[in-house]
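Presented below is the structure to which this report refers.
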Amino acid sequence: MSVIEVQGVSRSFVVRRKVGWLGRERETVHAVRDLHFGVERGEMVGYIGPNGAGKSTTIKMLTGILVPTSGRLTVAGMVPSTQRTALARRIGVVFGQRTTLWWDLPLRDSFDLLRRIYRIPDARYRANMATFTELLDLAEILDTPVRQLSLGQRMRGDIAAALLHDPEVVYLDEPTIGLDVISKSSLRDFLRETNRERGVTILLTTHDLVDIEQLCSRVMVIDKGSLVFDGSLDGLHALGDARRTLVVDLVEPGEPIRSLGADTVKVEGPRQWLTFAADTSAAPLVADIARRYQVADLSILEPSIEDVIKQMYTRTPREG
Amino acid sequence: MRATVSLWFAVAKRSFRRYSTYRAATLAGIFTNSVFGIIICFVYIAVWSENPGAGGYDAKDAVTYAWLGQAMIMTVAVWNGGATDDLAARIKTGDVAIDLYRPVSLLGWYLASDLGRALYHLLTRGLAPTLVGAALFDLRYPADLLLSVQFAIAVVLAVTVSFGVRMLVSASAFWLLDDTGVKHLAAIFAMFFSGLTVPLVLFPGWTGDLATVLPWASYLQVPADIWLGKHPGTDAWAALAFQAAWTIALLWLCHLVLGLANRKVVVQGG
Amino acid sequence: MVDAARSDLRAYAVLAWMWIRVSLTYRTSFAIMTIGQFLITGLDFVAILVMFSNVDSLGGFSLAEIAFLYGGSALCLGCADLVLGNIERLGQRIRMGTFDVMLVRPVSAYIQMCADQFALRRLGRITQAGVVFAWAIVALDIDWTWARVAMIPYLVVFGTVIFLALFTIGAAVQFWTSDASELANAFTYGGSTLAEYPMTIYPLEAVKALTFVLPLTFVNWYPSLFILDKPDPLGLPSAVQFAAPVAAAVLSLAAATCWRAGIRRYRSTGS
């Protein structure tokens, strides 16, 4: 049996809009509609989509914060909407932009408080603390109040807090948002290891396709409340044909670069933008250009989720 | 000069708008002010039925005073809040450096902003409870047009005096890391010595004499006495001069303190 | 049911203790804040003293008798405020999205809200009210019987429960209008101010409403009438005068209903 089962789940909201001076108009907004998916134990699934597509609504329903309007939903064999507090012991949640830690407390006290709230057995608590302190490099920040932590430090604390009680399922809402490249990369290493070593099922939402690329074997795309894709990232790229962009800074301004398999889409003085298929390696292209032109700098821009989804639509017209 | 005035006007207008977005909060506040107004009225009625001439007021004066008090609470921001709280917040974050380098006077900027806020609070949390009071109780109204005009001036001066006090309190954040304690203390003094908890005219002996010369007397006691006609003839102008004197003294003090703060920010970089 | 209550109480104690420990690490600041609270609320009573420099009684009650009413009311409010004073920040938490965090923990959100930022400095207010209350008890020539002695803890306990319920209802309203936190003040602080004075100063109709609709008279008025041996201006049967537990139970039930409805609403709108 899947650890997360979602069958025909919808959630709509009634919003009242002001019309004129006193009038009010009721309008039903479908945040998510007819969602179907299952997640197996130990999977790490990326859940992506544009802002307002229904990602947060889905996560809120999976934690029990929000009750579905219709459909069936179970997590670890429990119905979140009716067994919220019981389920809370078996899941972990990280809200990327809001901390689940206590703002005024040192990290250590926050952890200690969670130990008591979740009634984590002493041995488990000590073992987990030792592991997380080492892997997430927490030793130096344990005695700092959360409000004084940098975004990256806070996120490390938040992730440790979400895993302290050995949850079976963890939801990570934008865990890498606002982090620098190094923090992102060490966080990804940690998540990969946690998933593998502890067998924790992880569902993560993100705006960063690199997160998905490096962590998830499976990706689900939600748009306007409906699941529009569920499969591998390669499958998504093949479907969406999103293109990556190579930004080339030449030593001197020159003619648009011509290279096989890439289109030069923009030239601005010495800087040029070339796009190429996302499923091909950048290496031959870079080698070719470096051989034939005087290059000052190179960088690669990944396609954004919005781009991928836009591309998907242009390739496969959506029915309905 | 004209440019500066129009800038201040724009600042005040923006501040007025900003407060007017919290509609539910305003309604809740009006309700709470009205409830307190009613309770205080009955307490005063009990006091003046025991001693009909207490403090030189009659029962009708006292009941009117109760409602004027509710109207002034938010207008003069007794509990702090308003533009001066923004300043304290900006001192803590260091954003105040931007304010200090602006080509316009920081004091003028914040005063304009606070006057915009005060006008909003006067028209909502001042006016609405007064209407409730007028519907439920027999109130006294200014006897003539001159008194009404003098009352209006007194309200403006009440705001400027309270602004001066609150500004000094907020400026303490330049030197203290946290101004919560000072703010707390200032609010207590303001609440008590403005005559909001009990009219200053009831204070016994020398305590009453003292309370009526402190700046907080400008918040409520002076405007209320003008409204009630307790300052006949030229006395009303003298009362306004008292408020104006405190305004000038406090704003001058603010100016000095901000000058010191400016030097501190420039020398120490914040 | 009993297990759930026990685990809720335990969670409350754990959370509150953590905040106490935090506040005690800044001893000086804690001491100043506590003394500050003592003085602030003390000024409320000074205001009553100022009034009594102009009169000898209010509504037929002497200064010591009013001190008794004041002390009782302020003590109950202070205790309720200590237990769940920060629940009024619910709207702020909803607006900032941090209320969600409480809903994903294995402890009731109500308990977490009550214990949030538990402020021991509120003992300052309780102490001040206690001092006035104690002074009144000494200054008054009360004809002590066992029933009257028992009436004092009875007053404090049920009065506190009534205020706890009012705080809760006031907070629950914020599930609907998250920025109307001030509305609750009308009932909590307003109710306590109202109860600091004898009901004889209010119109009879209002006192009836405060007995049967919003039962604030059961906080301290009826228990005080019994202790001070004063007649009930409404002339109600004595059974009604001892109905504080009923009033407390009814209000608590109403509070629980409001809170649950609020949570239900939150969980179907997410905002």
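A, B and C label the chains in the order they appear, each numbered from 1.
Operating definition for what follows: a contact is a pair of C-beta atoms (placed from the backbone, for glycine too) under 8 Å apart; a residue touches a chain by one contact, two chains touch by 3 or more.
What you see is a predicted model; the values in this text were computed from it and never measured.
The chains in contact with chain A and with chain C alike: there are none.
Closest chain to the protein centre (all Cα atoms averaged), using per-chain Cα means: C.
For chain A, the chain with the farthest CA centroid is B.
Centres computed as Cα averages put chain A at a distance of 45 Å from chain C. Taking the mean of the C-alpha atoms as each chain's centre, chain A and chain B sit 50 Å apart. Remark: chain B and chain C have CA centroids separated by 29 Å (rounded to whole angstrom). Residues of chain A touching chain C in their complex: 13, 57, 60, 63-67, 81, 84-86, 88-89, 91, 93, 95, 97-100, 102, 104-105, 109, 112-113, 116-118.
The touching residues of chain B, counted against chain C in their complex, run 22, 24-25, 27-29, 31-32, 35-36, 39, 42-43, 45-47, 50-51, 54-55, 181, 184-185, 188, 191-192, 197-198, 202-204. Within the complex formed with chain A, the chain C residues making contact are 11, 14-15, 18, 21-22, 96-98, 100-101, 103-108, 117, 267-270. The touching residues of chain C, counted against chain B in their complex, run 29, 32-33, 36, 39-40, 43-44, 46-47, 50-51, 53-59, 177-183, 185-186, 190, 193-194, 197, 201-203.
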